[in-house]
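Residue numbering begins at 1 within each chain, and the chains themselves are lettered A, B, C and D in the order written.
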Amino acid sequence: MIVLDSVSRWYGQVIGVNDITCEIGPGVTALLGQNGAGKSTLMRLVTGQLRPTTGSVKVFGLDPFANPEVYKRIGYCPDIDSFPEHLSGREFVYRMSRLCGYQESEAKKRSEEAIDVVGMSDRADKSLKGYSKGMRQRIKLAQAIVHDPDILLLDEPLNGLDPVGRRQFMDVLAGLAAKGKSVIVSSHVLFEVEKMTRSLILVHRGRLLASGDFGTIRALIDRHPHRIRIETDSPRLLAAHLMCLPFVLSAQIGLNEASLEVQTREPDKFYDELPRLTLDEGIAITGLESPDNNLESVFQYLVER
Amino acid sequence: MTRFVFSTTLRDLLRPQRLIAWLAVVGMVFVISKVWAVLAADLTGADSFGRVYQAVVLRVVALASAVFATMVLSQEVEQQTIVYLITRPVPRRTLMFGRMLAAAVVSFGVGFLSLFAAGFAVLGLGFFSSPSLIVDVLVLAVGVMAYIGFFVFLSLTISRSLIISLLFAFGWETFVPNMPGDMFYVSILTYLRSAAPEAVMAAGPSLGDVITGALAPKSVSAGLSWVILSLLVVGLWTLCLWWFSRFEYSPREEGE
Amino acid sequence: MGHQWGQRSIWAQSAGQRLLLQVKIRTETPIVMFVAEIRNLTVRYGQFVALSEFSVSIPEGCVGLLGPNGAGKTTLIKTLLGFVDPSGGGGTVLGREVGRHDLQIRQAVGYMPEQDCHIPGLTAVQYVAYAGELGGLPPNQALRRAHEVIEYCGLGEARYRTVETYSTGMKQRIKLAQALVHGPQLLLLDEPTNGLDPMGREEMLALIRSISHEKGVNVLVSSHLLPDIERTCDDVIVLMGGKLIKQGKIADMKRVEGHPMDVELRLPNEQFVAEAEQLGLTLDFAELLVYRFQGTGTIGATSALLFEAARRSGAQIRRLNLAIRSLEEAFLEAVDV
Amino acid sequence: MSEPIVDLSYRGYGGPHLAEKRRWLVIAKMSWRIAFNKKAFWVFSGIAGWYYLVMIAFLYVLEQVGIAQKAPGLSERLFGRLTWCDQFLTGFNYSQLIWLVLGLMVGAGAIANDNGTNALLVYLSKPCRKIDYLFGKWMGVFVPLLVGMGVSNVFFYLYGVLNFREYGFLTQDPWLGPRLLLMLVGAAIFQTSLIIGVSSLFNKGRMAGAAFSAAFFLMTFFSLLMFVAWGVSQGGRRGKPNLELGSMAEKLYYWSIDGLQIGWAKVVLRTDGSAPFGADRDMPQIHAPPAMMVIVPMIVLSILGVGLAWSRIRAVEVVK
């Protein structure tokens, strides 16, 4: 759906995005990066608000800059917080759907639907000036999905939503992705992104750092071998056994003498060994987890270089 | 689609507190014309109305055009709500044309009201029967279109262009028509004044003349100024439409 | 453009004084078991009732404040700050009566608001020192304290830049600095990790943790990001529709009755479930790759059985731990969604 | 006595706390510090006295010429015709514009910039009440404005006391000093309240400054128009003065910010003013307005300005 071919973009001498080549297909993709790493620039390039200085951006095969054909199938939820304050939420979404080319009745129906999906139907008539951060965010999401787009670009979509709202909206996104739409979420809240998707695009200081499935990326980070923590009542005995396995690099006894942290390059072989150890050698293992097998640690390992 | 853009922008521009502000301006026009009529009692009714028309009504039209021109685009860009407009499946030409038209109509409304206020203050009821009324209104309309075209173009190219537009409307348009030599060709007011039917009596250079910019009685022939004005309007409007489609108007975060 | 304060060197003059101060033990603030006690408080904005007959006693240490939008969290924070004179009931904050000693309350409380706010046109040091003077510090102490707090909040190298040039992350830290400068006993943080990138989030959480533990500062954190609360707070207060619906230690909330075990496999494997059930384990529920089994014996016995089932079915166990409810599940259950 | 490695993590503040009174002084002192550190502030307060400088130079040259040509009568004849309070009045009139710039530089952003960056939340979350904030900001603008106005006047007054005593500087009107002070304080209070009122309406100092100067110039334009009308009504070329128009124009002349201030100065100095540099004594001047016609609107507008600022300072409880 979206193809970026060695795209770069500068604002004067400030680096926006530097030579990024990637492809984004259907399903939920997470766009991650620190503040000012180029996430918003990438979003604006794909939504056709900016022209790339070099390279080309193709959405559905077309150049998205100011191109109504592309905008018919793109929904964009910006990260800015400003609205036409004098309008009410309902009026704003209605006006946005009319601008999408729908006639009076069709636009009314669609905007009601969108407002209902984001759970604002009872509060949509108040003027936007008095809205709380969460309500403004819901209205922004409503205007992004009002014309049922095939691509949905969301910048910090869950910002300001309370846990109930977050859970509801994640289900909505999952539903859209299931229908084959392409949803791109740019967010800083990694443990939420982790629940939504496994495929990510990581941008750092304008460069593309990683893209693809988060599991495979984790495996490739050889600088940080897999850390696995095992809770057992006899850590030293277990450590002795593990050390003679070829693929175990190091073992560290936990401070409370009840846990053991092991580093290994081939996690698969290691996990297959465990049943044999605990059953045949009789070492009780009461807990097993990999502390750095989450998006936050992957993000930290990749960015800290 | 243009009709929808036009009507929504019109509704935005005619919000209550803005209306009150502009009605106050029209009231001031009435007061100033009244004072003018009392002060310059020696001039005949038509002449003093001619002066007031050039000095006050055309200035108010320029002021209204400058203010509403910024609301066409630069206010949206400054408040970052432009992102909702440019990511809609609406060609940018239509978006711009609808919004400029709405701004022009509102400015013309203000100009029209102040024309009537001034005429009523100076000529009393006789004003409605004066022959040149229709031509005055036409000059007003073309003047608004020209000013809106020019000020919107300024707002497209320069950020925070309101101050520069006002400087043009009050500074440039006051001094350039008075300058010796051919500078007066470069100001919209010259063409508006020469298109207007009121003959400018070459009275002695009193303070009033300086203010109304009627010092240099040189003027362009009425026909030529109509041609130039319409060229200006068409030229500036197409330039604005092309410019808005061509360049980027996405809000810049301070972080990037 | 260094700060233009009085030119005499601050450090030398007050160095001696500082040592003296530390020895002087502050006795005038009452020793208080609860940081704040609110007794059936009603607060009304016009006809909208934000809090009705609301009572809570906020324990010491780091407390999380949870609740959906419009639950009255912000109103409670404002009451603690003495901004609101209640239409019914009352309460004490740090031993001072709400509604009567508002100024004394604000002297002992630091507030980090959710919205962006700073005093324009000042460098970071000037701004924090000014906030200190507003908080009741004498001028020479305010500047010394400002440097110290800015250093602590990690803005050491950007202390002479004006706040307008700060990024979102740095703006959050300077907000924390201005709340800490006058040495409050109670720190109110409203969405402290809002808009921070992962690095910034991690550092902010570490800052909150180190302030709230054994430093004599009680912290009340109101946030929508429950994992953040989980990492920093020990107690939690849950509000809904202006009412207190749950309060207690986070550890208690996360415990699941009985002690079922969660198992995550590398690939879905039906045979593993069959084998486990055959060995006497009951399957509570299964979600994607995670299965929750309820065993009869000790934890050790249950996990041994699980490994046995894995060996028989050739499945690979990737994660095995005592089932705990995340705070989010506990919260969603409390507000019964 | 303390551990070898100092624990640099957070520690509480052990120092003394001041009582929760007089927070407005903290706010005012900050505003003064910002205002007085601006070089432009001192430049403008110097320029505001340009009339006095020209006056001093003129009189100095005259004296030297008188001495050089040993025609002692020359300077006595001219000095004799000078009424000193008129010179202060003229100086006051001519520096109105520069004081506007001074006032906006110090005060336009006082509350406007705070509104823009939501600073009220910081102020009010400290033990500082709304009245402290408003009074602090008001004093923060009033004192620098008064100093800005006073610098040139005090300088000329002292110069006069030193050099022009024999020309009746002190004897002509013994109360000249206190009157000057009253004139400056009154004008400063009036202008500060207006600026604070306008500043609280906007979110950016620049916008507040632009709005205030727009209103100021519109009214000055109106006063100029009235001045012209008054001139015409004196029957310039055609001889017959139109008295009815003249009195109306005279009254309307004071209907602007600087008109009110000039009226206030005339009322306090009890003079109608005279042509600058003591030339052409019998040229008619606009008569001083009746005291109430100036004092009442000034008081009303000041209260209006401060009241507007007070209503615009939202109580934090309302902040959603």
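In the analysis below, contacts are C-beta pairs under 8 Å (C-beta built on N, C-alpha and C of every residue); 3 or more make two chains touch, one makes a residue touch a chain.
Keep in mind the model is a prediction, meaning the values are calculated, not measured.
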| item | value |
| --- | --- |
| Per Cα centroids, the chain farthest from chain B | C |
| Interface with more contacting C-beta pairs, comparing A-C to A-B | A-C |
| Approximate Å spacing (C-alpha centroids) for the pair chain B, chain D | 36 |
| Where chain A and chain C are represented by their mean Cα positions, the distance between them in whole Å | 25 |
| Computed distance of Cα centres, chain D from chain A, in Å | 59 |
| Distance from the mean Cα position of chain B to that of chain A, given in whole angstrom | 50 |
| Two or more partner chains touched - positions in chain D | 320 |
| Where chain B touches two or more other chains at once, by residue number | 255 |
| Interface hub residues of chain A, defined as touching at least two other chains | 35-36, 132 |
| Chain A residues within the chain C interface of the complex | 32-36, 132-135, 156, 159-167, 188-191, 231, 233, 268, 271-272, 274-276, 278-279, 284-290, 296, 299-300, 303 |
| Sites on chain D touched by chain C in the complex | 8-20, 23, 26-27, 30, 33-34, 37, 109, 113-114, 116-129, 315-320 |
| In the complex with chain B, residue positions of chain A that touch it | 11, 14, 16, 35-36, 40-41, 44, 47-51, 66, 68-69, 71-72, 74, 76, 78-80, 82-84, 86, 95-96, 98-101, 143, 147 |
| Chain A contact footprint on chain B (complex, rising order) | 1, 4-5, 8, 12, 15, 79-81, 83-92, 245, 248-253, 255-256 |
| Complex contacts: residues of chain C adjacent to chain A | 66-70, 114, 167-169, 194-202, 224-227, 266, 299-300, 303-304, 307-308, 310-311, 316-322, 328, 331-332, 335, 337 |
